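Data first, discussion second: the structure below is written as structure tokens.
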């Protein structure tokens, strides 16, 4: 657990937002607190979904343990580490939760280790589907409820705040085909709207910020240099020896351009153009082709939102929605709220970067501007 | 001016949000402060739009005077008073600004009274089109910039906050066909998105709140009782004797049901159903007809957003937009931002109320719920 | 109750802090909410002080009713009204709570009206001494806990905030000679310090602000003009017809200088000097004498803190303290905290005003400055 | 500079306040911003203290450079590193600012490197005494103004906030014997009070928090283990290779109890008693003696505030005060404010810890409690 103090919640975002230095450790405590309040609200309004008081007490302990531990599988810089080593953090979680120390800790908390694991990895067979949603669901999970407001606080992005108190108070267990699902009461729709908008604003302002994304791109190269063998950290013991700080400390000894860029915040790439709407897709493709022709493919980097899909407001499929309980029955949040309907669905975010050392940035921007103007 | 201390900025909204008791007076001070910061940002980035320092200084004084005075034409409960007496607050402004006291005050501030008036009433011939936008424009006016964040603060609706500091810092004078217009720099698009969303959230949570709207409906009847002759306040002297407090104080002596309801917060109507999206229009009409058939037209009240259009995010026409200046030239904010594009356009908000004294509220809700479920 | 919407919590302070327009009504709701949280904390840690669950439930209802109603005895401008009419708001409470309407309301809440009254007027014989402290005690009452943070919010005085959440969580029932008293746990001492400092800061910044105090002085004259007969409002029915708004509305018809000053915020007096410490007392007296000699006694007004003693941090007597429970037993907060020890005790706040119309303000200030310099 | 991103502003305080993970880097940016606002306020009200516009512009650049660089001399865990290696961070600053890279950076900013150094190390001969106060003065320095509110924000200690905006707006250059000094205008006394109280609250809640202090004690042992030779980092090149993260990363390889405690947050000591007031000194000494007798001197640790004096509200000497400019001339803030007078002066904070592994903590606490009770 204490290793999470050495993993930053937002990875390299502190290179764009200097105060975004908060760790996964503080996030784990926050998710635990948020999830407890959510659970208590579900019980207050849906006592009938629980067999008895002992069942309520067990599920509460289980949820808290799972939220505390939900990020133990993350390595240094999380998704960067996953991409380079090819091991998803959920698989790491399985191995780490099997360690004797953690087994003992879960015993002490009087929770079943397999139950905890089922919630963390999102096991479709979990006996506790509502808890699973609170831990690893796509929308109303305590993980996201905490990190959104935490990231907004530590970056200082005021528009990332949402009405967490009202949202939590509106949570309800709702009878669905596959068992109870986590939804909201009709009077919570405005709070849900604020939540969806906060996701949108944080995505636009922070998660997909061009400076952050550029350094994440540089990081990949650095991690390849540190671990030329992708199997280097396959052993869980070796894996646990690593954290963000050790990576940054290791860089010192490496002498690559990428390492120096990361350690000294040298901006290797410059933003040439960005695109946000579906109608921009054609312009994006034209710009990308033009820059490639002019400067060469290896001096260009096209970024899109696909790796960050989990951070976007919710998607198009039915399983991606939030159910709303009202006097007229249970409805899809995208029908209950015009706003949510408009904000959901596919995303079309693209950014085009050029290498500063080799490219005339002003020229690259001019090329794109002319294409956009038509 | 001091009379504005006795006009509440949000009229009857305090019956839904008990702490929303702030006055038009504090709003006028806030609009003045916000407008001054906006003006200073425009000058900092667009000094070329001003002839000389004296011109800058005069326009600054003029803008501050106009913002301080922009609401002097409002009577008790503002739109309620306008509706019953049939005189728009802009016309009142003309008369009040012509009073000797105010003439003297404007002389003392070294501003031309007609220039001030031109900004307040939104005169299309005003020599200062950019200032006119800051005072009475449809989007980036200091009036709205202040009241949105003020109303959010005093109602406690956290989601109504937006990034005012960033928005103001992004303001730019932009060359348009009809002279300089107030627009924003491309880097301010996220702040503008937060502003548009705050408008949406405040509309949904506060301005169109069912309790507020219901009491505004009751207020109309009360005002008709107080002023059976719509010309009663035609004289500006008589008009200025009235404020919210006198209306509420006068109620005491009236003995109608409406007066008692307003004074003692008796909820005469109950919400039977509400509708927010275009696709709901048909359901709304069916519900309205069904309730009318069942309970009688005089026991029903249909509310729609039409009287509140000025509070909605921006509309469909070109003159309703915000211009964004970027490397690729000047573009419409609805093109620069996918989010703003989605939130703009027509609104379809409807609420159906029934009279509590004569109608079985549960039955009315059931009738609507069945129609909505189809 | 709804009349409290027309009594401002801070009386005339809005003439110094334009946004301080909040009512006693919103304060009553806030005190109820704060008291409920305080009560729940007391029960959580001191269940042994209560006979049974029914007792807990009754006392909770009782406390909530008393906090909701604790200010019903206030008239327009509260202390101003008391001073002019010579009737304390506690006596009014007795009469108002005896009205049939309120009796019925308390019956409906299943609380005994005499129990409620005992808490509100601070009856030393009350069967519920801990609740009495929460309603009308000198330090840890929910009344004060709410109004301090409410007044800080609505005036915008950031330094008036304190750590309410931590203070409430630290509340404990403590065994004392006269029965259980409301005290705090040792770990809450820092929160209590923040509370004492907030009282100090709000006193210095808001309650004893020279502009507010000056207009309160003017108000006394106005109330004498409105009610030349101090017995005018002796009848509870007549009393209940009055509120802040009616007083301000009535002023219109009066034509005195004082009425005009209040209605149009004309500053009749100017501050010549102020004094805060014990060692200043001699200088204060010398200044007062010098101004009186020079300008005449009727052109001077000396203000001191005596009428506002209830707003100061706690005093010198033992019954004025807060008890702190720790591992070494129960101690006086003034011993547990060096800071609280230093801030408690006598206050020596004085302000000297002169009448603007008749006095050269600069000269008056010069006279005082010379005396202060010695 | 970028190394400061790897030094935490509050060292080990994150072990008590999980979110206190902010770096000296973000603090340096904040101090620069705060100092710029302070400087602009000084110029606005004291233009006569500056020879010409070029002088104002130079001093502004100089101040900004000095604030940005004021912490470059800090090593890992700052005061811990100083204590173990015996080199003050000011001496490090001299060496680091002499490095070619930094010389070039200062040249690029058009500031004289010796002028910068004079401000950072607090050279009594500096040609810019007012700037020196803003950088390294004992009270109104931008360093402290930033870190107080930053530490309050990142720990979440609400009572550590003060009215920074008002304090900065009140800053004035005041003519003193040794040249212009930084003081405040009389109307800023309430803001200064809030600043002094914030220092007090942050000291009590954060800087002298028992958990933080205990881990800082453990850290000393760890640093001795890492650098058995105190001259190990005498070379500036070697020194710059170290940061908080490297120390924590190095711990891994060490196998001492202290290293394990720090890395895994094992609380080696428990708090037995604490003392805050002068009158407690005798009890403190008696408790310390009793614990030593009972458990042995090496199982006890007595902490006092002496190493943290720079964080306490201001002291007893004249040079430690803040000057206040008012109508009656310039006075000492301790005379202008009763509150500041009370909070200034000597501090008597003491804490007694016992080693958990060897001592019965409950017994130790009982021993102290009995002595305190007398």
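To keep things simple, chains are lettered A, B, C and D as they appear, and every chain counts its residues starting from 1.
Here, contacts are C-beta pairs under 8 Å (C-beta built on N, C-alpha and C of every residue); 3 or more make two chains touch, one makes a residue touch a chain.
Please read all numbers here as calculations on a predicted model, not as lab measurements.
The greatest centre-to-centre distance from subunit C, using averaged C-alpha positions, is reached by A.
Distance from the subunit C centre to the subunit D centre is 38 Å, each centre being the mean of its Cα atoms. Separating the centre of subunit A from that of subunit C, both taken as means of CA atoms, is a distance of 49 Å. In terms of their C-alpha centroids, the spacing between subunit A and subunit D amounts to 36 Å. For subunit C, the set of residues touching two or more other chains is empty. Because contacts link each chain to exactly two others and close back on themselves, their graph is best described as a ring. The set of touching chain pairs reads A-B, A-D, B-C, C-D, using the touch definition from the header. The part of subunit D that touches subunit C in the complex is made up of residues 158-159, 161-163, 190-191, 193-194, 197, 200-201, 204-205, 276-278, 327-329, 335, 337-339, 341-343, 348, 365-366, 368-370, 372-373. Interface residues of subunit B, counted against subunit C in their complex, comprise 2, 5-6, 14, 18-19, 21-23, 25-26, 29, 154, 241, 243, 245-246, 248-249, 252, 263-265.
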